[in-house]
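Here the chain labels run A, B and C in written order, and each chain numbers its own residues starting at 1.
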Amino acid sequence: MTHPLRLHPDRLFPADERSRAIARALYAGVKDLPIVSPHGHTDPAWFAYDQPFADPAELLIVPDHYVFRMLYSQGVGLEALGVPTVDGSATETDPRAIWRLFASHYHLFRGTPSRLWLDWVFAEIFGIDIRLEAATADHYYDVIAAALPTPAFRPRALFDRFGIELIATTESPLDPLEHHRAIRESGWHGRVVTAYRPDPVMDPEHPGFAGNLIRFGEVAGEDISTFAGYLRAHENRRAFFRAAGATSTDHGHPSARTADLPPAEIEALYARVRSGPVTPAEAELFRAHMLTEMARMSVADGMVMQIHPGVHRSHNPALLGRFGRDKGADIPVPTGYVEALKPLLDRFGNERDLTIILFTLDETAYARELAPLAGHYPALRLGPPWWFHDSPEGMRRFREQVTETAGFYNTVGFNDDTRAFLSIPARHDVARRMDCGFLARLVAEHRLEEDEAHELARALTYDLVKKAYRL
Amino acid sequence: MTHPLRLHPDRLFPADERSRAIARALYAGVKDLPIVSPHGHTDPAWFAYDQPFADPAELLIVPDHYVFRMLYSQGVGLEALGVPTVDGSATETDPRAIWRLFASHYHLFRGTPSRLWLDWVFAEIFGIDIRLEAATADHYYDVIAAALPTPAFRPRALFDRFGIELIATTESPLDPLEHHRAIRESGWHGRVVTAYRPDPVMDPEHPGFAGNLIRFGEVAGEDISTFAGYLRAHENRRAFFRAAGATSTDHGHPSARTADLPPAEIEALYARVRSGPVTPAEAELFRAHMLTEMARMSVADGMVMQIHPGVHRSHNPALLGRFGRDKGADIPVPTGYVEALKPLLDRFGNERDLTIILFTLDETAYARELAPLAGHYPALRLGPPWWFHDSPEGMRRFREQVTETAGFYNTVGFNDDTRAFLSIPARHDVARRMDCGFLARLVAEHRLEEDEAHELARALTYDLVKKAYRL
Amino acid sequence: MTHPLRLHPDRLFPADERSRAIARALYAGVKDLPIVSPHGHTDPAWFAYDQPFADPAELLIVPDHYVFRMLYSQGVGLEALGVPTVDGSATETDPRAIWRLFASHYHLFRGTPSRLWLDWVFAEIFGIDIRLEAATADHYYDVIAAALPTPAFRPRALFDRFGIELIATTESPLDPLEHHRAIRESGWHGRVVTAYRPDPVMDPEHPGFAGNLIRFGEVAGEDISTFAGYLRAHENRRAFFRAAGATSTDHGHPSARTADLPPAEIEALYARVRSGPVTPAEAELFRAHMLTEMARMSVADGMVMQIHPGVHRSHNPALLGRFGRDKGADIPVPTGYVEALKPLLDRFGNERDLTIILFTLDETAYARELAPLAGHYPALRLGPPWWFHDSPEGMRRFREQVTETAGFYNTVGFNDDTRAFLSIPARHDVARRMDCGFLARLVAEHRLEEDEAHELARALTYDLVKKAYRL
């Protein structure tokens, strides 16, 4: 026995009819607006060379840490899901076997955003109308595998079908950005820009940091034996990234700490960082100081800063040793902003032409710290709910906890922040529906007028992201 | 094109019809109860001399940090809003220009409590029926400016029109309370009482502390060269404040820390505090010990203690230097109560005749710490949602997170805590509506009977505040 | 005048009709499922000897810390409630006087779970149809006192009436488990199992620890002068408990900290612990290391671990001195899991056959730490909302904050965790209603299909608890 797969037109709207009717009307006004994706992790090579995706497992399961972390938590080994090992030892290579294993555990995703995104992909992109479960695994596999080689399912065709106006990828300063150049030179109309993510050359605890630093000097053509040269290397690479369309930088640090060290101190610290190894405290201080330097450069070159702090990366050493980083073992930690950001804000918080977008995985900061900070400092804006909180309840908590203090206009629309290309429209659709639902409740409770809600729905969907990211 | 301004009679009630109908009935029973305002920051001179308010900008914008922090966050300088500078350098002086600037940014307040309060003031006090925006700025200015000089808009007339039974102001121990005396001697019927806020003479990090301490000895007529004399000075000033109607003290500390030092230690610490300067740790310890001394005095003289902890004041040094304190740059920080209050509670927590009202800006403490503490210690009560949380969502979170452990009867009704006199009825009205909405949900979900909800609505509006503050 | 007491069939369901209708249907499918109570504090002697309960006060008030903490917070002395003193000095002995005092304060429980549980007991068990208040106190007392001696109100009859399939008690390793033996030998059909709670012999700060340790060696028949012998004593007692039906251990530590010390270090620490006294840091480290040892033993013997961290026990020293422990003065504190559990997880987190169930009183950990951890590590599951959060709003927050990251299948159904035997069905009923309400909202918002919701309602009520606790 199979079950139907249906995407209800009212999904995610509030249950009470008064609010739902308003939400429907608001959503009708924004559902077809173009997708602006200012921060994410798609592969620019897809758009550069427009090759078909490999197979259903490789497309939808193997690279999706939301998916395999849930299966892993219930006893499914990553080997069986085809996740590659560090030492190259064998893992499952039959995509159909991987797909069947996934299908038989699909009930684990009930109530999760992955379920919403995947069902949307199945129904909307592949036209499937029965639910994924063990009994339908092969049907799914066959339908998807048959579609992928066809022209309509190539990256550029999907880009157009999704109504993407612009998408940003994220690259290391060491990246030559040749895929972005290939896109530009191809004459294709799609806008794919990069973003400057300097962690590999700014975080002394990044794997391979020492080698990265040497290459950084080489690609930037700067003598990085002094801190001044190191800063010039950043300036050079930032300019190179801006030429490839970048309007933003991105910083994924363990904490939100910033520092503003006197020249002699940072020079000495940089010397230790360069010769290595450094203590965790020194690494933290270097990253902290560098955020302030990045803000200084942003004031000069106009790039928008994004700060994504507060994750204990690779919490599971056995998994790290066998499968490497980014395998679903990253766990959020308590994250403070008020003291942490002060050194940076003391110098640049009042800059009207600087935009720093703050993210958090510690929702306790929303109402206590982030909304009060963003509701005061001209340089600060609040990014949308991130990672584990990129979900209906996470979005609801975000709006409920930040709006009263920061307002809507200190937020910046939605980020999909994903490498799961096919799910991008689904993710934006969830955000649009949840924002419309939140606005609808305000209207239903007579806290906002309907004409204002329509204006806000459009702002949250389209206007604010373009303004904040200078797109 | 203008838009209508309407205050819907069902505003802030739950959207589902079942709960809304119950909320309407509950609200009908409390909407006209007198306003009891046990803690706030209005100027007693208004009521003493009953002079008209100056102009729309001076009344509604220039002193309201909720308003100018939001505009500042979006790039509007405080100079353009007429906020006075520390060095007396010029800022905007044309109230109409300030008003127009405010009006053109009024959309920033969508979804915020300021919008609810201001719309109420515009509609209910000034009878305006079109929305504030750039196009209606002059109409607003003219209507308000014309009304202010008339007798109906003087402080005492508004006090009566608002149905205020009692209002408390907040003064320093150094204050001679001459405005309160003038009120009493005027024969006017309005009850305006003071509250004892000793931070300027109890917090070694308060600006001007050294001078304040000298004046404290003088106004109290005590030799404060010993700690015993310093305590006697507090006792004297508390008695003076009680004679001016005060029933409460108020303490705005960076943390909730308390201490109970042995006599020799506090004597030595006081000597260092008096000679100054002290370390931050010494200042913190002195404040901590003094909270326990304040509790001891409250046991003796019956004054209710209010503790308002957990703010990083003046987070923005550039703004502090140019415009001074209280300019919208105060940011909440994580605040613990369980260990912090223990020294005080060890001595006085079981006193049935002592009332200590706890506030927080760290909502994580509601369910984890504050409700369990207040649901046990006879001396503790929970103050209403404070400052950034004095808002519909903040009130909802407060009731949802404290009621199940502390019940309703360990809370103390509403505080408006404002200097924005005209908004006081709007603030109390929001609290009444949100409390009725919360009770209505309990009734609709059959967790409470309707007769009990009516009794509770009255208790939350009127009975509990009078009992807790001994009014 | 009295008021009716009614248990509405729709109680606790969402207020909007769309969700409510779905909740009703889901609840109809689970309301009569057997009660599986895998963790609690009932007295096995009740089931062993089936004696009648003493009187209404002794049954419902004197041992219930939820009840007397609320009355105490409002100025009612524990003496007047008949709570026994440490020194044996007199307290109230007239159960009717105690009952009247309770009745006259029953309004304090409005909006609390105690009110829900007690009203259910009054209406469902004793058939009372008027509300408890001063005027009905004697009626209540008479009805309950008359019922208690009758056969239908004896423990075993109630066990059957409640539909209990299994109940777990909690005992110290020092307990001879003679009541459990008596139950087995009586031939009665009821399943009453124990659980291994080693805090008295594992927490150096436990009152009487030194003497407990000596007795521990005696009852286990092991020489505990070495750490190896101490571990063997645990292994022996765990085997003894398993023979009495235990499938789980339980650990009530001040924090979630774990450690994995090298042999020489733990041997030296154990020597200090055994000779005593130890510093708080040493006590913490010993508990921390022992959690990892307990995990090691659980891998070997299959017992499920429960960790209940994060309470400041006996916060009120005056109350502790006069009335002893567990008198309503336990207060939650901030509790971190990510760093705290790492040493244990580094060794055993990837074990698929180990189950560690985590509880918290710090709800900020739900979305930030616990759901991400349980959504990754095969060994981890999340226990239901605990203690102060075992309430409608607490349950709602739990599902809203953990489901999107951990899913439903990393949770383990409901724990009543109570010694209040009569309230057990009421507590499970609240959980079933709230879970059905949560699922109903997902269905109403088209985030879940109705057939899946029915399957999940059954899983949350019955299947998951049996699987997680291996019952």
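Simple rule for what comes next: a contact is a pair of C-beta atoms (placed from the backbone, for glycine too) under 8 Å apart; a residue touches a chain by one contact, two chains touch by 3 or more.
Since we're looking at a predicted model, the values are computed, not measured.
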item	value
Copy-to-copy rotation for chain B and chain C - C-alpha atoms, rounded to a multiple of 5°	120
Numbering shared by both copies at the chain C-chain A contact, with half separating same from different	different
Between chain A and chain C, centroid-to-centroid distance (C-alpha), Å	40
Two or more partner chains touched - positions in chain B	14, 16, 364
Contact set on chain C toward chain B in their complex	3, 7-8, 10-17, 69-70, 72-75, 107-113, 116, 131, 312, 315-319, 328-334, 361-364, 388-389, 391-394
Touching residues (chain side chain B, partner chain C) in the complex	14, 16, 18-19, 336, 338-339, 342, 345-346, 349-350, 352, 364, 367-369, 371-378, 380, 400-401, 403-410, 441-442, 444-449, 451-452, 455-456
